[in-house]
């Protein structure tokens, strides 16, 4: 072990603890100590952002970051930063900061805030743990912790609906976690510790094991597919929309579903190796599941009147773009899938934060109530528009880049049928987002909003609620416009693809 | 051995506490007899002292167990009377 | 150095005498005695860690007449777990029994129970195991009946009688062994049995069967578990914690010694399979009944039946695995599961006791407000629950991981099915309780409401979840097993 810089062994752990420790302390904070809790929250989030900055530079230069902890002989907890983990860590860290600001505003004066922010921080820690996991065991551990830590957030409101949604969420994710566990243990008995290595570790396995490896792949896919909301394992996601808006925004647009999608990417690229997975015919299974999900999610979104539920089905559909990208053999499609991990995150969080603003400021929960909201809340609606157009794939917003690379990659790999899926999905996206935009901007506002709150501010709503979606909308534009500049999500995805394919 | 088997049978078949306790003591008696039989090492050699020590200890344990069971039984009866 | 072993028994015994003599100071003396006993157990643990297994002969009589003691890694691990759980329970009891006349009876019996459990874990021969087991059973039944309610007395009377039946059956097995080999010392006897050849097979089998059945009764192995739920559910909370977490483990400890040490040479794989299947039935049945239980403590008690089942499922797996790192891992996993369950279940019962005191009942369906008003306690229940489910980062997660690994390697995939069902049911019953903590009740003012009784329970929970789950490595060293490696 030649450690040129001892910090490199500490950094992944430090990133994890920068949200874990504030989380633990927040539980102990008295309910009325609003300021102390805010300080803990924000200092954790900002510190994490700085640490991640170091990590980005280091990984870009090819430095090795690894924290190891032996929990039992042969069982090691490994935190390890490679290009792929950095992508996900950065996404969750930036969005955590933004969502924390939003949540502080959103939950002002509502009960049980210490509990909420405590679990919120635990969730982010678990997500970062998933991103930094260096082997399958570590991944499984944080994956399960994420399940546990999210439950209280879904159940947070305490209404019968919330309890029911949380129960469904738990039933799905628990079962999924177990299936994943079986797959992971089985794989381990065949190969020993399953470390994530760029290019995969299984390509040297004897041909006699191919049958077992296929079954294991399906087990892993099912286990991860629950969180990634692959059809037919997506049932929990729309039900979980009873959670408060920041939870829906960060967890159900970013952390939880991405954890599943990220896991699929990990398994395909860093465990099986994309070429080996293709040679076993496993990519076909994944591609089929992803395509069905993309179309099905969009169709369901079309008929959903609840704004958050429509967004949830849109998430079901959009997250599978990532899996689709992973299922096509070829670096360009890989870039498309990877970059969508980030793009979908920032676009969807924008949409969810806006939906939260409508609900909190006007009491608007349904698409059919959205007539004329554009004039009442122009900034929010502008941000919503950017997110929605990005989802459809209108240039120059980030979503266009993802679809472009996915399509290009499919053609390059000779799988032109993917273009059909993309086209169908784009039409459906337009069909369920454009009517919302039309209502918002062009229909006259009703004489009275369902439940309007007037905030003492110059703007359309409270500052802490307004700025986060505006910032993320700007990010969507920047990610699309400056896609070719260094350290943009696209360039980083290109770096990942180069390392995965050994280019 | 027969005492042991008899004890188990009556322990399981009787409801009343007192009968169960007597059955338990019969069982114990059976086990102690086995130990004493084991101690016999022929007519000339003195018997093995170890089993005797064990049986003595065992009897003390059995007596205290019986006492506690009777005390609890009395309590249970009291509680039942109160209800 | 070898004086340490008697010390671990003598200290709580002395403390028991002191609290009997000075009942006014019982709580203070009891906690001091608990601390001293913990130190003694810690000393034994350190000595075993540094020097490997220890032995001691009392009064210089030696085998076979004297009382000899021994401590290997397995015993030391359980001894240490007992000490920590009992210490936490003692501190908790000062709050729980504050101003209660029952304290006068609780402390002597409690310390006596601890002394007999330590003596059991350190006993080096089969007869001492019997005596200590009997003492343990007597103390446990007396403690369990402490509430004095008709239900409690009745349940614990049954517990006592069942225990007597079990231990007498065990003693019969001991008598058979003595008649065949003329020895009681475990190490000595194991050599005799291994060298015994075929002519003693019938005696071995009969003795093993009698002893196992007797002990299975005390360990609540399905279908001999019927006595456990009412006895454990009706005892005062600190006692339930000790009964479920510690006392049952005493019988399991002896069974494990019998199967893996004493009769290792003659116990067949098919016999182990029977135990494993009974264990599996216990897992499924216990978890199911726990899910259907109306009361929190009854749920915890049924969950003990399930958790004990897991321990028995290791036996066939160990029997099917050739000696080597893989087998070592399974044994370590068994110990780890036993330890995790000890900490988690004790924490669970202590927390349940607080909820019961606060709410005046422990009906799960009506717990809503109470659970939400006590964040630390609900948190404890959550953490302990996740250890019972086997979620990371708890010790039982590693235990289950290794069990699955062993099951796949041994080709006995059906244990995985049992594990799946058990885990899902455990998740269902745990979250059935936890979901009550999310209601529309007003926000609690602070995290901890009663430090003296809430903190010990929380500490136990954190030990089960954090410490055992993230730093289980030393256990392998303590058990004297080679580094498991990439088995």
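Chains here go by letter, A, B and C, matching the order in which they are written, and residues are numbered from 1 within each.
We take it that a residue touches a chain if its C-beta (ideal position, glycine included) is under 8 Å from a C-beta of that chain, and two chains touch if they have at least 3 such contacts.
All figures in this text were calculated on a predicted structure; none of them were measured in a lab.
Under the stated contact rule, the graph of chain-to-chain touches is a line, running from one end chain to the other without closing.
By number of C-beta pairs in contact, A-C leads when A-C and B-C are compared.
Using the average of C-alpha coordinates as each chain's centre, B ends up farthest from chain A. Between chain A and chain B the centroid-to-centroid distance comes to 68 Å (mean Cα coordinates, whole Å).
For the pair chain A and chain C, the distance between mean C-alpha positions equals 42 Å. Separation between the centroids of chain B and chain C, computed from CA atoms only, is 27 Å.
Shared interface positions of chain C, defined as residues touching 2 or more other chains, are absent.
Touching two or more other chains at once is no residue of chain A.
Residue positions of chain B with contacts to 2 or more other chains are absent.
Across the complex, chain C meets chain B through its residues 64-65, 127, 130-131, 134-135, 137-138, 141-142, 145, 148-150, 153-154, 156-157, 160-161, 164-165, 168-169, 171-172, 175-176, 178-179, 182, 184.
Contacts from chain B toward chain C in the complex involve residues 4, 7-8, 11, 17, 20-21, 24, 27-28, 30-31, 34-35, 37-38, 48-51, 53-54, 57-58, 61, 64-65, 68-69, 72-73, 75-76, 79-80, 82-83. Residues of chain C touching chain A in their complex: 325, 329, 332, 336, 375, 379, 386, 391-393, 397-398, 401-402, 404-405, 408-409, 416, 420, 423-424, 427, 431, 434-435, 438-448, 469-473, 475-476, 481, 483-487.
Touching chain C in their complex are the following residues of chain A: 27-28, 30-31, 69-75, 77, 111-115, 137, 140-142, 144-145, 148, 151-152, 155-159, 162-163, 166-167, 170, 174-175, 178, 181-182, 185-186, 188-189, 192-193.
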